[in-house]
Amino acid sequence: MSDPSSINGGTAVAMVGKDCIAIASDLRLGNQSLGLANNFEKVFQFGDKTFMALTGLASDVITLKETFRLKNNLYNLREEREIEPQTLANLVSSTLYEKRFGPYFIGPIVAGLDSKTSKPFICGFDLIGCIDFAKDFIVSGTATDQLYGMCESLYEPNLEPEDLFETISQALLNAVDRDALSGWGAVVYIVTKDKVVKRTLRTRQD
Amino acid sequence: MPGLSFDNYQRNHFLTTRGYGQPTATSTGTTIVGCKFKGGVVIAADTRATAGPIVADKNCEKLHRLAPKIWCAGAGTAADTEMVTQLIASNLELHSLHQNSQPRVITALTMLKQHLFKYQGHLGAYLIVAGVDPTGAHLLSVQAHGSTDIGQYQSLGSGSLAAMAVLESHWVPDMSKEDAMKLCADAIESGIWNDLGSGSNVDLCVMEVGKDAELYRNHLTPNVRSEKARSYKFARGTTAVLRESIRDILDVEETVITFGSASVDAMEVDA
Amino acid sequence: MDIILGIRVQEGTIIAASKAATRGISILKDTDDKTRILNTHNLVAFTGESGDTVHFTEYIQANIQLHTMRENDLELSPSAVASFVRNQLATSLRSRKPYQVNVLLAGYDVKTNTPTLNWIDYLGTQTELPYGAHGYAAFYCSSLLDRHYRTDMNIDEGLKLLDDCLEELERRMPIDFKGCYIKVVDKDGVRDITK
């Protein structure tokens, strides 16, 4: 509780499926035990099939969301193309490491499909930009421990988009129910080659 | 802006005074080893990354390339080993281009130690540097504060004691490549089983004089997850959805227009 | 123990700010106005470290007004004002001595005809809410507002709900906060409707 990354609460998770990825977050914004808002999305879109989730200190979540929006816009203008998930991952890593001795209190996740090959890509970071490449799932936020348990047991490789949606949703929902600082709604993005589906979930409100 | 930004340092110090502690960075509570053999050198590492008591990554890469034939194994703060390694790899390539010669292991080590000394141990990188260059095969190590070591065999990280026990009891001078690989793998395995900060698989890299370096990613996999007893797939429709929005991504149609002879003719000026 | 409360209704946003200026165990003043008008359709209410609060909000006020003058009377929208204030607080947090100021921004967007209420704390946490408060008032009033707030309320209904909140605060708070200034921001601008 006496840690900047658990003042506001919040959780995110990403998973790889068969030719698809899913990325999800809860919607709570709190101040310690007091819930402030139930519409605080932590998943942000960069181009068609590239997504980033940011958990941790809400002030830094907003600051970094805007920082990366700026960097992404400049990238688009310079390169005249959309940023690849791999490229965004390296951008996040170096941006965070730049503040090695005064870090932002966040735990980012990057997930997406490569624009050319449509190969799924997910990765996570610690607060100073160490990349965690994973083939299966990445978790972040105040319900990290719970999510590791849920994902480790529920996840299986090569799920179809619709099955991946159920798996990631149930993993998130049941994890946040065991975290006092997360919950109050949830949002899931399912990204496939030719479609991005966003679903808002019905959740407990306690 | 070159270099690291200390902008948030004061803010975080302020937050500390308000009673907020620091969160934990990913650390490679690690076992890494290196061992020389006749005509070359081999380094090895486990593949576990931890964040406090949590295993953050079960199969991370701790073997970093500094140059095609100079590799290093990293222990300590994961981001620091990764970033310091990338920086030195860049500078080493520029240096070798400038000098018009193959990069040397001692050069890499000197660059690393000068960089780490500058940061007075605040960059938590503990590295075993090994490789082959025009002066032969080398095995060196550098610690976060900038001190360095040379040796026939070395180990670093939280599992270094377990690994060194194996190295001390089985190392002999002028080993064969195969024996050195086996020794390193055994030393890492000892870390995997006996050290809580180390686990999962063994990565290995062999650098032999006159040959390309060989990376054996997941050389040993003694911790393969067994097949799940059953599937935990949920029936579709289990999760209640409040709202749904779909964004179809259309393929861009591309039409190639070949220039007609008329327009080309109109442009001919020199003819 | 200062109180600032905000409720967004159909035609505008209502702000209540306690009149008491306290320092230690004494009430120094019972006519302290903890709000500042930023431009015709934006009002800020503040709590926090005394000294910091007035200095910060008047700095914000001056800059917003300067913007209005420079841009030929084109006024910043509520969301732009909120972004500006948040950015100032987030930047200040990284300095040697950060401003310890929490604010509520009541605004009315004249382009889209929508009222807004922005909640921002000294860390630079920003969120747009239907109703909100800083400090202890939030603990006393949140449940009341959760139960009785409706999205289709008009100003009078909003004021009635606000009165209920203030009654609860007067009943439960251990100190006398000397009543509240009540202000409304709507299409006609900012007006004081303190009883």
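Just so it is clear, A, B and C label the chains in written order, and each chain counts residues from 1 on its own.
Here is the rule we use: a residue touches a chain if its C-beta (ideal position, glycine included) is under 8 Å from a C-beta of that chain, and two chains touch if they have at least 3 such contacts.
Treat the numbers as computed from the prediction; the structure is a model and nothing was measured.
The chain with its Cα centroid farthest from the Cα centroid of chain C is B.
Measuring from the average of all protein CA coordinates, the nearest chain centre is that of A. Across A-C and B-C, the chain pair carrying more C-beta contacts is A-C.
Measuring from the averaged C-alpha position of chain A to that of chain B gives a distance of 24 Å.
With each centre defined as the average position of its C-alpha atoms, the distance from chain A to chain C rounds to 32 Å.
Computed centre separation for the pair chain B/chain C is 51 angstrom, with centres defined by C-alpha atoms. For chain C, residues that reach two or more other chains under the stated contact definition are 93-94. Residue positions 7-8, 10-11 of chain B are each in touch with at least two other chains.
In chain A, the residues touching two or more other chains are 7, 102.
Contact residues of chain A toward chain B in the complex are 2-5, 7, 48-49, 96-105, 126-134, 144-145, 148, 153-154, 156, 159, 162-163, 165-167, 169-170, 173, 193-202.
Contacts from chain C toward chain B in the complex involve residues 93-96, 98. Residues of chain B touching chain C in their complex: 7-8, 10-11, 14.
Within the complex formed with chain C, the chain A residues making contact are 7-8, 29, 31, 34-37, 39-40, 57-59, 62-63, 102.
Residues 86, 90, 93-94, 119, 121, 123-127, 129, 132, 138-139, 142 of chain C are the ones touching chain A in the complex.
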